[in-house]
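Both of the next two complexes hold subunit A, though its partner changes from subunit B to subunit C.
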Partner chain A sequence: MSEKKEKKPLFKKLDVEARFGLMRMAVAIAIGLGLAIVLIVIGAKDPAESLKYFFLGPLQILNPNVAKGLSFNYFDYWIQNIIPLLFTGSAVCIMFSANKFNLGLEGAIMCGGLACGWVCCLLDGDIEAATANPVLCAVCGLLVSVIAGAIMTTIPALLEKKWGASIMVSSLMLNYISLYISRYCLFSTPLRDTRTSKYSWQWTENVVLTFRKFLGTQFTLRLGLFIGIIVVLVSWAFLFKTRWGFKIRQLGKNPSFAKYAGVGVVSVGVLVQVIGGMIGGLCGATVILGNYNYYYGVELTGYGWDGVTMAIFAGNNPIKLFLAAAFIAYIRAGALIMSTQPGGPINELTKIVEGVIILFLLAEQFLARTHRKMIVEEAKRKQALRLAAGEEVTE
Partner chain B sequence: MENYLVMEDVTKIYNNGIIANDKVNFNARKGEIHAICGENGAGKTTLMKMLFGIEQPDEGKIIIKGEEMHLNSPTDAIKAGIGMVHQHFMQVPTLTVAENVTLGIEPTKGLVFDQAKAVEITRECCEKYGFEINPEAHIQDLSVGVKQKVEIVKALVKGCEILILDEPTAVLTPQETRELFLQLKNLRDSGCTIIFISHKLNEVKELCDRVTVIKKGKTIGVWNIKDVTEADISRYMVGVDVDLDIPKKPAEPKENVLVVKDLTVYNEAGKKKVDDVSFSVRKGEIVGIAGVEGNGQRELIDVITGLAKYNYGSITLMGKEVKDMDIQGLRDNGMVHIPEDRNLYGCARSMSIRDNMIADKISKPEYNNGIFIDEKAIKEDTDRWVKEYRVLCDDGDQLVGMLSGGNVQKVVVAREFTSYSELVISDQPTRGIDVGAAEFVRQRMVEMRDAGKAILLISADLAEIMSLSDSLIVMHGGKINAYFSDVKSLTEEDLGFYMLGVKHMSEEEIRGALHE
Partner chain C sequence: MGGLFTEIFNTICNVVVLPSFYFMIIQSAAPILLAALACAIAIKANAINMGIEGIMTITSLSCVLVSSAIGGQANGGPWLGLLVAIVIGGLLGFMVSVFAFRLKIDIILVGIAMNLIGTGFSVFLMYMLTGDRTTTTSLLSGTLPQIHIPLLKDIPVIGEILSGHYILTYLAYILVFVMSFLLFKTKLGLRIRAVGENEEAAESVGISSLHIKTVALIISGVLGGVAGAFMSECYLAYFSSGLIAGRGFIGLAACNMGAGNPGVICICCLAFGIFYAFSNFAALSNLSQYALNALPYAVVLIGVVLYSIYTRNKELKRLRGLDSEEKSDQIAG
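== the complex of A and B ==
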């Protein structure tokens, strides 16, 4: 029909739902940040100063040490906070895309870190002299962490498949089992450094250094960030550009339809959880290798929950994780920097902000009236267009 | 009484942006049967949902006996004297008739439910309006026709003065329909206003006093039934004369594609739903399955399409036993399936038209470049199918949830008919879609047959199944009750008797369904 070539618009005009989604996100964030401002004003000794650090701190410009050429640590807080969010966000995006609410990421991270630490200790038996090759240490650590993480999320998947146990419940329980495995290893096995109470033996510091300063700059460009970016990109391509990803999304959108169209519902459901756990394990290892040269895991990290936050922000699309992670990490870093200033409020503030934003994002009836109004307006606009084009006639 | 019920300039826009009602005007008098006619998707049901408080209008007024009403829930509507009989009955199958009828207005004795009182109330109401129902029977033991009466009594007991019936005859046999009409006329004579939604024009003509026609969400007009003919109404509804007869050459059946032999299926509760059924579908023929809903068709189709498993008997597709095949295996062997419930099985509403059309072929080599899917090839093919199957949409990237029912069905049909197929299972392929789309789907099915596919058609629409099928199986009580190798000589009346189980064929005749 259309013989004349139509000019392709640079950006496809967003439909009502997309516009509403953006608007809702903006309003939720505005409410969250507004609340943060209120809390800071109430709690801080010098609100103006605290607000400045909260909003501008991570950009480094307020760091008094920079002038002295000493440290980039403010900016590094930000980067450091982004890294685990990229991993866990990707993992949860993939699992939630298939509607598998596996909350075992926390355990996968724990076990990933533990396995990585153990391997590094084994490879580098000598405490005094750094004998092991740091690259070998890192590579082996990352590899075993992937396996360990996968095991932790696959267990609930198989329990569901075999006996119909609820994934959500069994994965939550398994998180604690992971934690106690980790504690047991630290307290009662040869992993423990006999001179300390809760650390493992140390391995060569070069691993950490490789991870932090692999480009050799004074600026701590972390290798973990690069691995994280790759994980996000691969996850995105996997979900949206391959047939397996297609089936995963199909399963998540309508399981009956997936079954009807011939998707192996059970195997795809297990697959996503294996992948999620692999990424989780990798996250645990990256955090360990990038920060410490010993294993230390006697508390749950909370990173697993961050993954859920990230997936909600990103709407299960990994590519949107970059913005989401940068934003959340920014306010976390901001709050941390603010809290280290004299008289600054504590950084738990960000948890409140995050919680409030998520609440508004998930509340289906939030802005429902505006939504209706937008739909009605759009429908009328389209009808007017059809009338003008003569496709519809009034009688 | 003029202007007993008035709906004035009522507009309803659904969340997917479809304008279901656009300034619709409707009014009904006291003590009349008023038909609302319109194609599927014209907005009849939406209008009635607003009257019954299930949906709220975006604009416009509802005025009952001169008083403007704001009906925010069915409870409000019931208070205002409105009752509705839905297409799908709202009943608890394990409870008795009396318990269902008094649900929500339960009589009590102290703190406990007064069973005797409930039975009495129900019996009184039945007697008053001339319904023959046993108040103590359990719903699950009743036939569809009786269940519908229970639904009407349910509304009457709550003091309803305006009764809405949404396509009440869709599930009934001709005999049950006749009985229903007698009772509705009695009700009207006792002062009740009845709104009768239907697109069966002969019924409208027979039963109703006036008719309002709605087309594409707009009121076309109101007529006294004696002033218009069926052809007139049809023209107002569709705009053009519709020819229900599909031109079709005689079938030339060849070898068997699907063979079902001695099949028995139990449902999850262990009840026998399909009882020793044998038949076959050959290349180049359309085999229809008729039957009152709930006589085993559902379970039969579920096991043929792989949605459920069976234990006794055998099903072979292209000579292969399908017992241990998964759905992918069935599809690889040439089964395609237009499911009865397009929103549950037929599509993912929050995925694009493109994704929905390609969903069953995504693993095919022609749509993959190594590990990545070939988006260009998918776009090319799906764009072509959108045109070929006349899906009304902005473009292929639009979400399926944004389409009207008829267009969703076209997406489903496009996907299934463009896949490799030997056997087409067509389950209620035109349910709830407009005349134009339905005609299109039916034509496609005949084309598929002429291209040598084997087609199994299940439909509750008797006119459809009689005009499309080359041979016809009637199911009753899980068994094949009749087999007609030639449908032309069959009358709707006769078919009704077999569907109800009043007439039976001999074993010998039924065995004709299986070609060996």
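== the complex of A and C ==
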């Protein structure tokens, strides 16, 4: 509560648009959380218990395993959920900033993970014969994943550039194609561990450990989180502090103006999608390397769609992704923990909450009357100030 | 490589002689056709209904629930399920239009939100009512009837192919004609196309574009509802969490390929059906199952590209034509 009091003067200092934006976001989130509470009360056998786990679960307080000293860890759910959101959020922020509705991130993540898994298997295929340096192995995996991801989103970009094929449709189709490429590689090539039916060959735990250092037994420090933070910061700097970023935002705001102002509309349009795919590929590799020591990709991850959610929450500004990702990951982790408790409702309800929050965040006309009222009040206040200062006011 | 080609050739030869292959083409194209027609009427009014996937998910679950609630097959449950799916689909279409045009959200993003809510809500509801998080097999919801066309069914091969489909399959193909009629022969269709071509021009002659777009999206939602009912009452007799599996998106792609023209869309969907059926039938051969599964999507992708090349060339030709006309005008002047 004390935090709110401190923020109040700051809140007053912001201009009226920013204040309205914050208010609308607060209302949208309140509606979403209200809906979550309603759904939990409807769906849970013991609503009070479920609500407790939903809201406090990720904070680790309620974890019965803490006392038992197990590494199974609620807080870690939260961190684990944040990581892909940071990557996909930045990728979509960059692509949507230029108004390119490339939905091929899902495929980029799939192919990135696959390429990374393949490289790790090649370098460090079998546990008994592990020879490669784990750091080298992870770095190679990440590099290759970047290339693979970039290819998946560049294809629709080039198809649009060359022939005007709809980016949205071709990227959607490529998602499914990359899913089947992944399944094919996993089941019909030497990638598959012949001893199991589901996974690729395993690489040594060391490759994973470079991504997961233990601090004691309780908390997992995930390297993926740091890569994610770096990616967000770099994307923010790229979008808001470089000439390219300026061009990208110009293109998104007004393509005709950008064209006449001398922005290479076509090349910038392709560039953002290449970058988006690169980040997507990196995301796939980080998720694979951060959690498993084998490749396992037989279903689409859904992370690509999360990127869209994230970009909307952050208003295409990557720096705001930290808050957005922390929030969404928190409710997801909370819902997951809640759903593992006996009698808890299913964690899919977060999707409903996210969808509803998105709708209210984006709705231009939502709270429009309050918006007008706020502007009028602000104008009156300024007028009064100026009158008090003795200026002449012309109506 | 040569071995692969002979294998492919042999598989094709083996498959194309089976009547059940053609039966499957017609069957598997139907839900995509319904989804594509739903997108088509929206796209003609310049509204991309990306939420079709979510609409299909919700409606397919709701018709299973309604049908089993009133006693399944014996009490005519599937019919009531279909009706409810249509009503809910229409309501969801209306919701999309409210969010997109009254609250002024980008319609693609409304669609994405709709898909999120659709998947989330259907799984939530399913788990709450049945305690199962993947399928509703525990509910006996039944299926809509298959129709055996009286004289046709006795003709040897053609009867096997064309007769015995589910009623909604026939409805899907009938709707192609209905939709063409609606779009190109009625007042509403003319208005929808006018709004889609040029909103301001349509407004200037007194057409309310908001009203027309809303109507188009409601019809789109209704068709999405029929597609949803097809999935859980014809394609399968239950709902499962991955039931729609991107069919709404494929429909959107087919609609995009056909530029919203029902006839062309139907051809695109049948082309998809051919490759879908082929990938199912060829699963018995030595060809890679995963490559075969990717085939229909690759075909849609190639189709979209080819169609764009075609339209671009046409546009260029038209522009060139205008050019030469201008020149001849100048010469004449």
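Here is the rule we use: the second predicted complex is superposed on the first by the 356 of 395 C-alpha atoms of A that agree within 3 Å, B and C clash if a C-alpha of one lies under 4 Å from a C-alpha of the other, contacts with A are read in each partner's own complex, and residues count from 1 in each chain.
Basically, contacts are C-beta pairs under 8 Å (C-beta built on N, C-alpha and C of every residue); 3 or more make two chains touch, one makes a residue touch a chain.
Just so you know, these numbers come straight off a predicted model, no measurement behind them.
With both structures placed on the common chain, the touch criterion links A:337 to neither subunit B nor subunit C. Taking subunit A as the reference chain, the count of touched residues is higher for C when subunit B and subunit C are set side by side. When the two complexes are overlaid on their common chain A, residue A:247 makes contact with subunit B while staying clear of subunit C. Once chain A of one complex is fitted onto chain A of the other, the partner contacts of A:379 are limited to subunit B, with no touch recorded for subunit C. Legend: residue contacts after superposition of the two complexes on their common chain; A:328 is shown touching neither subunit B nor subunit C. Of the two partner chains placed by the overlay, neither subunit B nor subunit C lies in contact with A:283. Of the two partner chains placed by the overlay, only subunit C lies in contact with A:43; subunit B stays clear of it. Touch criterion met: A:312 reaches subunit C, while subunit B stays clear of it. Subunit A has no residue lying at the interface with subunit B in one structure and with subunit C in the other.
Interface residues of subunit A facing subunit C in the complex, by the touch rule stated above, are 39, 42-43, 101, 159, 163-166, 168-170, 172-174, 176-177, 179-181, 183-184, 187-188, 305, 308-309, 312, 345-346, 348-356, 358-359, 362-366. Looking at the complex, you find that subunit C touches subunit A at residues 48, 50, 99, 102-106, 108-110, 112-117, 119-121, 123-124, 127-128, 133, 246, 249-250, 252-253, 256, 288, 290-291, 293-294, 297-298, 300-301, 304-305, 307-309, 311-312.
Listed in rising order, the residues of subunit B touching subunit A in the complex are 13, 15, 17-19, 22, 58, 216, 218, 220, 305, 307, 326-328, 330-331, 337, 339, 344-351, 355, 359-360, 362-363, 367-368, 371-373, 375, 399. If you check the complex, the residues on subunit A that touch subunit B are 16-17, 237, 241-243, 246-247, 249-250, 253-254, 256-264, 371-372, 375-376, 378-380, 382-383, 392, 395.
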